[in-house]
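These are the structures, in C-alpha cells.
Okay, so subunit A shows up in both of these, paired with subunit B first and subunit C after.
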Partner chain A sequence: MNVPLRFTKGSWQNWAGRLVLFGGVGLFMYRAVNEWSRSGLGLLVDAMIIAIAVTGLNLITGYTGQLSLGHAAFFAIGAFTSATLVTGKIWTPFLDDNIWTPGWTLLASAVVCFLVGMVVGIPALRLKGIYLALVTLVFTEAVRAIFKYDEFSGVTGGATGIKGFNYLPPSWTGLDGRADLVTWFFYLTLAILVVVSILSAGLIRSRIGRAMVAVRDNETAAAVMGVNLFTTKTLVFGLSGAIAGVAGSLYALKLTLVEADVPLFGLFGSVTLLVALVVGGAAQNWGPFVGAMFYVFVNDYARSVGEDPSSSLLLGWFVDSGTTINGLGGVTFGVMLILFARFVPFGAVGTMRMWRSKVVQVVPRPPIPAAAAPEAGAAAPTLEQGHNDPDATTQPAASFGNADSSSLGDDEDAS
Partner chain B sequence: MVKTKRLMALAAVGALTLAACGSDDDSSDSSASTDTEAPESTDAPESTDAPESTDAPDSTDAADTTDGGGSSDAVYVVDTEACDDPDAATAQIDALKIGTSLPLSGAPAAVFAPLAAGQQAYVEYFNAEFGGINDTPVEIVILDDEYAADKTKVNVDELVFDEEVTMLAGVVGTPNNIAVQPDLNAQCIPQLWSATGDKTLANIDEYPWTTGLLVPYAVEDRLWAEHMAEEFGEGSTVALFYVNTEFGLSYVDAFTELAAENGIDIIAEETVDVADNGAPSGQMTNLVQANPDAILAVPSGTQCSAFMTELGNAKAANPDFDPEVYMTATCANPLFFDVLVDNGGSDGVYTSSNAKFVLSPEYADDEAVQTFLDAMAAYAPDTNAGDQSAVAGWLSMELAIYAAQQAAEAGDYTRAGIVNAARNIDYTPSLLVDGMRTSMDANDAFFSEGTQLVQWSEDSKSFVAAGEVQDYNGSLGTYTP
Partner chain C sequence: MSLFIERMVNGLADGSIYALLALALVVVFRSTGQLNFAQGEIGTFGAFVVSTLTLSGLPVWLSILLAMGVGFVVSAGVERVVVRPIEHRNPGAVIVALIGVFLAVNQLVSMIWGIDARPLPSIFPDEADSFVTVFGAPVRIARLGTIGVLIVVLVLLWLLFTKTKLGLAMRAVANNQDSSNLVGIRVGTVLLFGWGLAGAIGVLAAALLAPSAGLSGTLMLGPFLLASVAAVLGGLDSPIGAVVGGLLIGVTEAFIVGYVDFLGADMLFPVMLVILLAVLLLRPSGLFGSERVERV
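Then we have the complex of A and B:
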C-alpha cells in the first residue's frame, strides 16, 4: 500500500471520512445530552459558547492576520445588549413595555456588535501586530469601564450589573422549565455553533475569504492585486464582532446576570479566546471547537486537581487525602498549556492534519477536460501528464496552493 | 455542495427564528424585579409591615437583649406552593448535606479560604461530638468560585443538581449570593447564613429562602457615622474609599444617608476595581489633597492591607494628613493588621466586630473559644485559627446545623422546615461577643444587628474595644426594594 493514500476531494472515501468525523462528534453530543450530569453538560455549553466566540476571532486573527485582544469587548457588548433588552432598560420602538424576547436579542446583539466591530476595524487599517493588539486591549477595558460607569447605571446597572432575567425553554420544546434549562441551552448553542461554523467556512471559501488570506499573507501584495483593504478589514472586524456578540448574548442568557466584573468581559476573556484559538489551531475550521473544548475541560480538570490533589493521578501518590494546596489549580493548568504549546505547536487541529497528511491526503479534484473530444483509442489524460505532453488533451492541473489555504499549506477540509 | 451548505444554513437560521419566537410565553416578563419566580408572600399570622428604610434607630443605647429589642416574635411560615417542586421542598431529609461556594483560589482566596477551613472544622467537630443529626453524619461540599459570580452560579448548579445538597450555607460574596438568589428561591433550596451583610438578602417577601449572616452594612455605617459626629461634631468631613462593586456600594449608599442625618460632609470619593490588588497610590494622593477628618474605607480582601500600607506611607509623607479611619468589618482580621509593615498605617484604625477575637487574651478562658481552637487544631491544622474568616465559617455551619436540628426536633425535617427554623431562630452562638442577641422572625429578617466598635493597637498588636456593644436587634425589620 502506497502511503500516503491520496483521495480526491468529493470522492466516496472523502465523504466516508467526513461521515466518520461528523458521526463521532454527533455521537459525542448525543451521549453528552443524554448521559452527562447537569454540571458536565453546563461545561459543554460553556465550551460551545466560547467556540462560537473563537470562531469570530478566527476570522479576524486566524484568516486575516489581525491580532485582536478586543473580542472580550464584543462578548460583553453582546451580553449587555441582551440583558438590557430583556429587562426593558433600553427604549425600543414598537414595543409597549420595551421587553424583548430573549431569542430576538441574539440577533440584536449580532447587529450591534457588527456595527461596533466595523468602527473598531478602522484603526486596524493603519495598525498592525502588537500595536493593534494594544489598541484592541484598551478597547476591551474601556468597554468594561463604560458598563460600570455610574452615570449609565440606569441602563447597564453600573457596578451591580443586571440580574434576574431568564430564558426558559419554549413550550414547544417539551422541556420542563428550569430543570431542563441546561438541556435547552445545549441545543440552542449547538444549533448556533453549527450555523456560525457553516457561515464561517462559506465566507473563507468566498472571494472575501481569499481577500482575507491575501491580506494576512502579504498586505502590500494584496493591495497591489486589487484587494480593498478598507472593505476587507472593516467587514471582517464587523462579522467577527457580531459572532462574538452572539456568544456573549448566549452567555448572559445562560448565566442570567451580567456585570462588568465578569472575568470573561475583560482582559482575561480576550486572553481566554486567544488561547483557545491557538490551542485549537488558528485558521482551521475545527480549531475554535477543539480549542474551546480543551480550554474549558482541561481548566475544569485542573480546578478539580487544585480542590483535591489526592485524587489526581499524578499527585495522589504524594499528597494525603484532605490536603489542599492553594493555587494548585492554576499551576496545573499553566503547566498543561506549556506542554501543549511545546509538543503541539500548530494547534490541535493543525497538528492532527499534519500527522494525518503523512497517511492520508485529500487532493483537489482534477480540472474538467477541455471541449475537444479525445481521439478514439487515445488514453484518457491523467494528472501526471504535463502541458509538454503532446498527447495530453487537458489543461494542466493548476496547483498554486489551495484557494482556502491555511498557513500550513495543505488545507483540504474535512468539513 | 455550496448550495447544500446554503440550504443547511438557511434551515438552521429558520430553526433559530422559531426558537426566538417560541420563547415569548416563558420569558416575555423577564424584568429584573419580577422574573424571579420566588414563592408568594408568607402567611405570617401577624402583620408583616416593615419599615421602608433599613436604617438603624437614632438611639445608640444598647437594646435590652432579654426581650429581643424591637423584635415582635411573629412566627414565620414559608410558602411552598410556588416552588418549582413543592414535594421536594417538603420531603423528609435522610441525611443533611450542606453545599457552599467561596473563593479557594485567586487573590481573594488569601482572605476567604480560611472560611472554608472553619466550615469544614465545625462539621467534623459536630459529627465527632454529636454523631450528626438523627445519628446520621452531616456532609459538607465546598466548591471554589474564585469570587466570580458566574462561577458561583455554575457551582450552585452543580451542588443542587449533581451533589443534591439539602441546602446551601455560608456562600461568600454579595454579588455571588445575589446572582444565585432568584434560582435558589424559585427551586426552594435554602440559601442560609450567606456571608454578606447586604440588605437585599433580607428581602423576606421576594426571597424567603435566603438569609444573611454578617452584620448589615447599614448597622456598621450607623456606628461609624455616630462616632464621627461625636468625635468631630457638626460639619465634619469624610472621604470615601470603596471597591466599585455591590459590596462597596452597599456601604456607600447607606452611609450617604446617615452622613446627611449626622451633619457629615462627604468631600471626596475614591474607588478601586475589585481586581486591582496593587497599592492605591493615585486614590491616596487625592485623599491627601482632600484632607478629611475621617476616611470610610471599604476595600475588598487583600485590598485591606494594601490600603493601610498606602495610608501609612501617606501619613509619613504628609504630617498634616492624619484622619481617623473607619474600615469595613470584613477587614477586621488581626492577621491582616499584624502582617503590615509597621508604618503607622494600621494603628488606630477603627472597625467593628460582633465576633470574639479568638486569640485575644481576653478570651483565654472562654469555653466556646477553646472549643473552636481545639477543633481547628484537629481538623484544619494548616489554617491559622486566629483568622476571623475561619470564625465566620464556623458560625455559618453552626447556625446551618442548628436550624436543621431545630427542624428535626419539631418533626419537620424538610427543606421548608429548615427555613422555618432559620427564619424563627432565637439563638446567639457563643463565639459572638457577649451583650447581643441574634434572632429573626416574620418581622425581622436580619439575623445579627449588633456589633462593637474596635480599634487596632500597634502596641498590643490586637483589637481593643472602643465602645460598648451596640445591639439593634429587631430594629431593621425586613428589606423591601
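Then we have the complex of A and C:
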C-alpha cells in the first residue's frame, strides 16, 4: 500500500507527532482550568474520573476480551471505602480519630478493589461472553444491595449513605483552601489519569500485556502456548478493578457523599463505562479518554437540547423558545449512540487511526543490519518482512475477543 | 400450607412473566447472538400503546393483540434499521447501538405519555373477589391466567418451531446462517421475523405485568434484569431453559420475600448471584444451553 508519509518508530517525526498530540491535550487542559466556568470544569473532572475507570475496564474488556458489566461495582466499592475511611467509621491504629486523609484512601480503595477483582476473576475462568457479562452485571446489583442493607449501616450508612465529609487541598500546593478546592481536585484527577494511563500502556507492552492479547484472540491457543490463564485473568481483573476503584474513590471525594442510589454505582454505571469504552475505542490507549469525554459532554449537550429545544440546530425551526420537552434529551443521546455505532463501529480512536494510517504510517525500526550479526543473516530477511508489513498495522482492533477476531492493530505506540 | 400454595402460585405467575421475556431474549439470541438490551423497553412501549387503545374504547384483549403487532413492527424495525447495518463482527458496536435503542425508547415513552404512572385494566377478571380456591388456598384468577398465557404461548411457539416451514427456517438460521443462506433460506426475512416475534412476546409480558405492577416508564427495568438472569440460567439458546429459568427465578423471589425475613426483597440480587454462580460454574452454558465447540 502506498502511503504519502512513512516514519520509523522513534524517529524525530514520530516524536514531533506525539509532541503535537500531547501538547494539544495539555493546552486544552490548561485553558480549561483557567478559563472554564465551575460547572464546565466539574463536567471535565467527571469525564476524567470516568476515563480512569474506563482505563481499568479497557484492560480486562478491551485487551483481555472478558466482557465485564461489573465495573460499577468496583467503582462503588472504591467510593464506599473512601467514604468510610474519610469519615472515620473504621478503627485504624495510629490514628486518634480514625479519620484518613483523602490521598491514603485512594490507595486503600485500590488495594480493596484489587482483592475483590481477583475473586471476580475466578468465575471468568469458566464463563464466556454474555454469560460473564450477565454474572458481573448481577454482581454490580448485588454489591449495591449489600451497601444498602440495614445490618451493615454502621459501616456503609445503609440506605441514607454517608454524607458530609470535608477536606482541604494540602498546604504545600499553596492553594487557598475552600475556594480553590475545584482547582485542586482537577489537578489531582488529571495527575491520577496520567499515571494510570502510563501504567496501563506499560502493562500492555509487557509480558503480561502480550498474554492478555493472546487470551483475547484465542484462549485455547494462548493456553497451549504457555500462557497461564488463571494468573492472567485473575491478575488483570484485579488490576482493572483496582483502577476502577480509584476512580470511584475520586468520585466519592468529588461528590463529598456516597449512597447506594448514586446512578453510576449500579447497572447504569456499568453500562456507562462500557459505552464510553466502545465509543472511544476498545484496546486503544487513548480510547478511554476520548470515550469518556464523548460520553460526558455529548450527554450534557443532549440534555441541554431537551431543556431548551429552540436553541438546537434542527428543532429550533419547529419549537418556540422557552419550551422544555420531557425526555427529548435522552432520545437525542440514544439516537446519537445508534448513529455512532453505525458509522464509527471501531470507536473514535480506532477510526481516527484508520484514517491516519492512510496518510502517515509509523513502521517499526529496521532490525540490526546483517553485517553486525552475520550468523543470523539467513533467518533475518523473513522475520524482517513479517515485521515491516505495514498493512498489518492498519486494521483497527475488533473488540471483545470473539474467536473470529483476527485483530492485529492494537495500539502499540502512544501516538 | 395455604400460604405456601398462595406464594407458590404468585411466584409461578411472576415467573411466567420472566419466562415470557426470557423466551423473547432467547429468540433474539438464537438469531443474532446478542442480548437484546432494548427488549424490556419495547415491552413498556407496547404496554403504553395498550393503555391508549383501551382508553379509546377498544376491549382489552384486542388492544393487547394490536399492541403486540406494534411491538412486532418496532422490534423488527430495530433489527433492520439499527442492528443489521452494523458490521456483525463488532459485538461492541451492536451492544452500544442496543443501549442507544434502550435509552431512546425509554425516554420516548416519557416524551409521549409523560412520567406519571397510570393504571392498566387486566385482561382477566380482577375484582376484589375474583379468586378461586386451590387446595384451600385463595388464588387470584389473574395469577392463574398469567400462567395459562405462558402455556398457550409455549404451545404456539412449539407448533411454530416444529410444524411450520418458517419455524424450520428459523431453526436452520439459528444453527448456521451461512449454510441456511446457501440452501435458499431468506436469512434476512427470518431474522426480521425472529426479532418481531420477540418484540410481540415482550409486549405481551409487559401487558400482563402492568395491571398489578402499575404502568410507568420503569415498568420493565427490574423484570428485564431478572429475565436476563433467567435466560442465562437456563441457557441463552434454549427456549425450554428460558421457561425453566424464569419460573425458577419467580418462585425463588416469592419464597425469599415470603420466608427469609432477614434478606427480604432488598437482598434479592445477592441471592441471585449465588444461584447464578452455583449453576454456571457447574454448567457454563446454563442448564439447557448447548456448549459451543471451538476450533483452534
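Assume the second predicted complex is superposed on the first by the 367 of 415 C-alpha atoms of A that agree within 3 Å, B and C clash if a C-alpha of one lies under 4 Å from a C-alpha of the other, contacts with A are read in each partner's own complex, and residues count from 1 in each chain.
Everything below uses one rule, namely that a contact is a pair of C-beta atoms (placed from the backbone, for glycine too) under 8 Å apart; a residue touches a chain by one contact, two chains touch by 3 or more.
Because the structure is predicted, anything quoted here is derived from the model rather than measured.
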Subject >> Which of subunit B and subunit C A:R126 touches, first, second, both or neither >> reply: second
**OP:** Kindly classify A:V195 by the partners it touches after superposition: subunit B alone (first), subunit C alone (second), both, or neither?
**Re:** first
Original post:
First (subunit B), second (subunit C), both or neither: which does A:K148 touch?
Top reply: both
**OP:** Examine A:G330 and indicate which partner it touches, taking first as subunit B and second as subunit C; both and neither are also allowed.
**Re:** both
**OP:** Examine A:N166 and indicate which partner it touches, taking first as subunit B and second as subunit C; both and neither are also allowed.
**Re:** first
Original post:
Touch check for A:P102: first (subunit B), second (subunit C), both, or neither?
Top reply: first
**OP:** Could you look at A:G177 and tell me whether it touches subunit B, subunit C, both or neither (first, second, both, neither)?
**Re:** first
Original post:
Touch check for A:V45: first (subunit B), second (subunit C), both, or neither?
Top reply: neither
**OP:** For A:L85, decide between first (touching subunit B), second (touching subunit C), both and neither.
**Re:** neither
Subject >> Contacts on subunit A seen with subunit B and repeated with subunit C across the two complexes >> reply: 148, 326-327, 329-330
Original post:
Once bound in the complex, which stretches of subunit A touch subunit C?
Top reply: 123, 126-128, 130-131, 133-135, 137-139, 141-142, 144-146, 148-149, 151, 218, 220-221, 224, 267, 271, 274-275, 277-279, 282, 325-331, 333-338, 340-342, 345-347, 398-400, 402-405
Subject >> Residues on subunit B engaged by subunit A in the complex (per definition of touch) >> reply: 1-2, 5-6, 8-9, 12-13, 15-16, 18-33, 35-37, 84, 104-106, 109-110, 113, 143-144, 148-150, 153-154, 157-158, 161-162, 175, 178-179, 182-183, 186-187, 244-246, 248-249, 273-275, 382
**OP:** Going by the contact rule at the top, pick out the subunit A residues touching subunit B in the complex.
**Re:** 10, 37-39, 42-43, 46, 86-88, 99, 101-104, 106-107, 148, 158-173, 177-179, 182, 188, 191-192, 194-195, 198-199, 201-202, 205, 255-257, 259, 261-264, 266, 303, 306-307, 323-324, 326-327, 329-330
Original post:
Taking the complex as given, what residues does subunit C use to touch subunit A?
Top reply: 29, 34-35, 82, 85-87, 89-97, 99-111, 114-115, 225, 228-229, 232, 236, 262, 266-270, 272-273, 276-277, 280-281, 284-286, 294, 296
